[in-house]
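Sending over a structure as structure tokens; questions will come in a sec.
Order as written gives the chain letters A, B, C, D, E and F; numbering starts at 1 within each chain.
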Amino acid sequence: MKVAVFRKAHFNAAHRLHHPGWSEEKNEEVFGKCNNPNFHGHNYDLEVKVVGPIDPDTGYVFDMKILKDLIKHYVTDKFDHKNLNLDTDEFKNVNPTAENIAVVIWNILREKIDKKYDLTIRLYETERNFVEYNGN
Amino acid sequence: MKVAVFRKAHFNAAHRLHHPGWSEEKNEEVFGKCNNPNFHGHNYDLEVKVVGPIDPDTGYVFDMKILKDLIKHYVTDKFDHKNLNLDTDEFKNVNPTAENIAVVIWNILREKIDKKYDLTIRLYETERNFVEYNGN
Amino acid sequence: MKVAVFRKAHFNAAHRLHHPGWSEEKNEEVFGKCNNPNFHGHNYDLEVKVVGPIDPDTGYVFDMKILKDLIKHYVTDKFDHKNLNLDTDEFKNVNPTAENIAVVIWNILREKIDKKYDLTIRLYETERNFVEYNGN
Amino acid sequence: MKVAVFRKAHFNAAHRLHHPGWSEEKNEEVFGKCNNPNFHGHNYDLEVKVVGPIDPDTGYVFDMKILKDLIKHYVTDKFDHKNLNLDTDEFKNVNPTAENIAVVIWNILREKIDKKYDLTIRLYETERNFVEYNGN
Amino acid sequence: MKVAVFRKAHFNAAHRLHHPGWSEEKNEEVFGKCNNPNFHGHNYDLEVKVVGPIDPDTGYVFDMKILKDLIKHYVTDKFDHKNLNLDTDEFKNVNPTAENIAVVIWNILREKIDKKYDLTIRLYETERNFVEYNGN
Amino acid sequence: MKVAVFRKAHFNAAHRLHHPGWSEEKNEEVFGKCNNPNFHGHNYDLEVKVVGPIDPDTGYVFDMKILKDLIKHYVTDKFDHKNLNLDTDEFKNVNPTAENIAVVIWNILREKIDKKYDLTIRLYETERNFVEYNGN
């Protein structure tokens, strides 16, 4: 009997979509205004989903205070008020699309959360554009 | 390694729930005030979910500008500010319940999006009533 | 010492924007797709604001159950799942723009709420378009 | 061909997280401020998801008026404006965590909804903390 | 030239509406299920509005970090996860209606914010019921 | 008899809060992580409020299509997917705080909207931080 628990968090960051091996024309064609060399930015909303059995003593699947602290320590403190392209190691060589940011966050949290729990990341880049990744 | 990408869109339409083979009493009993012969209407919120691998060059699963344009061209331009019962071919002989609208939109977009991507439609008729369809 | 209290409600209706004294061309030019002769529709969100002193016995400005019932009885039961143009007396000769709907609702509720309270109506036609009227 | 239909509902309740077999220190350590002996409370948002085939006559998977009434009669009338620990049988011996509340609601509704439909409960304790249970 | 700045915060609390000088019947009649002697609870959303001139050096009306800290220190740390009737001095003899809670919070913050700034409190008890108080 | 009409719009931008006449230490102390030299970013939500009489012919205060186009042409096309500090003339010498952005947008739109209408700008920098300016 498994239950999913979700925790939301937020961070605000600048980014630029760019392929260093492509010409400016090709970058412009593919990424449009997201290719602005001076960057633009977003309020990213993050949902972390952890699935597992309910602990009979606590009634918790996963202590939300611990999950909140993991997200803060390993994800939002790292990305909040940062330029993803310039200020982080993770996106030095990875294009910071919503898809890639979700995979990076999943990889970070997967290390910190016991494998007996399933993990899914949902990331909202805007209210109308969002992505989800569960490691498969 | 697959990632889901979601795009939201909106349209405003009038509709009436009605079974032409039933008496007015039966229609009234089953559909209640949704059977009003002069129609009522909704702000429909549409979420389109496309699942596939991340393209290593772009970092995209599916270009959101292309997805946005597909939704606009084939769905919202067709249904927005329309009477679903009177102004569209799709609901001439299909009752425009939220369920049927979701299936119709799924069928329209399934034609336009490569089969290597999974497709799911979520449609909000109101904030409290919504449906989801993935072709299975 | 005055406090404002707000109550939200909802109704779903069909409507058409149209000026009977204008040509079809003029109506089309001014009202665009809102002029569709077969109607379209909206989920209207209504906020009713009542301002007055706090009753020292109850701690209420205005009993929310009474306000909720007034809105239901005189506004949403009248307009919900209706065609504003065809099914209501109020819009037989008044174009059902958001502005006019707000004024009509204000006039209805102003009759039912003691004049010692200020009254304001906010009406959302969509998430992005809304209006407000306070009788002045 | 199956479609999921969702219905949202709300209830407001007080609760306290507590393990009667633990010391006050252990309860405080595990449940923190949620262990306040005088209780605190939440606006719970409930989403009920029912999955099944579309009825060809009605175009419905499940009549939303019936689903709304089932939720009201068996869930929100029972829990709304209640103290979950003191006023309900369900949480006399069960810690009212979001996880356990979701399981309790699922068990209640599973009895009332034909087994040919899949059932999932999502429960928001706050905008940032929520859980989901589908019986597996 | 004045600009308004707003900061949102949240707290979760239990409360009971009750007039100690009234009979149980009168309390039940006026406050209905909000009179439950075992309490119920809410997720309160608080918006604090501060109006003043823009500081030409900072471009700020009021430093949001300072406002956030004032709200946390003097309001949400005091009320979050508390029983308003039993755990706070403010509501020992004041009925904790949304109106009275807004006035109490306004009085607390008015002491901490320079009188050259106008102050308004908006408090959401539920998504559908909220109040606003500006000291007049 | 005046009615207020509101139109929402969105733009995503990068910015940095910085006072060029201050030391790095002073900038860091005042602006904190918002002073990141590599910028961060936001999804800005903009609400434009226009107040005036209802036109008796159209039932409109102000044609929403025209207001939508004014906002797009003069505001969001200018700021969307831009670095406010580097890519715009308006913030070359003005610190792009939410307060200053709201004043800049108000000044831009005030030029384009007849003075017989009152104008107010509300700008959300995040869901929890927002500002409002009406020219007074």
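Definition applied: a contact is a pair of C-beta atoms (placed from the backbone, for glycine too) under 8 Å apart; a residue touches a chain by one contact, two chains touch by 3 or more.
It should be emphasised that the depicted structure is a prediction, and the values quoted were computed from it without experimental measurement.
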{"item": "Each chain counted as touching subunit A and subunit D at once", "value": "B"}
{"item": "Neighbouring chains shared between subunit B and subunit C, ordered by label", "value": "none"}
{"item": "A-F, B-C or B-D - pair sharing over half of the A-D contact pairs", "value": "B-D"}
{"item": "Most distant chain from subunit F by Cα centroid", "value": "D"}
{"item": "Maximum centroid distance from subunit E, chain identifier (CA atoms)", "value": "B"}
{"item": "Same or different contact residues where subunit E meets its copy subunit D, judged by the half mark", "value": "same"}
{"item": "Fitted rotation between subunit A and its twin subunit F in degrees, CA, nearest 5", "value": "180"}
{"item": "Distance from subunit E to subunit B - Cα centre to Cα centre, in angstrom", "value": "41"}
{"item": "Centroid distance [mean C-alpha coordinates] between subunit B and subunit A, Å", "value": "29"}
{"item": "Rounded Å distance, subunit B centre to subunit F centre (Cα mean)", "value": "34"}
{"item": "Contacts with two or more other chains, residues of subunit A listed in rising order", "value": "127"}
{"item": "Touching chain combinations (by label order)", "value": "A-B, A-D, A-F, B-C, B-D, C-E, C-F, D-E, E-F"}
{"item": "Interface residues, subunit E side, partner subunit D - complex", "value": "10, 12-15, 33-34, 36, 38-43, 80-83, 86-87, 126-127"}
{"item": "Residues of subunit F that touch subunit E when the two form their complex", "value": "17, 19, 30-32, 94-100, 102-103, 127-133, 135-136"}
{"item": "Touch list for subunit C against partner subunit E, complex", "value": "1-9, 54, 57-61, 63-65"}
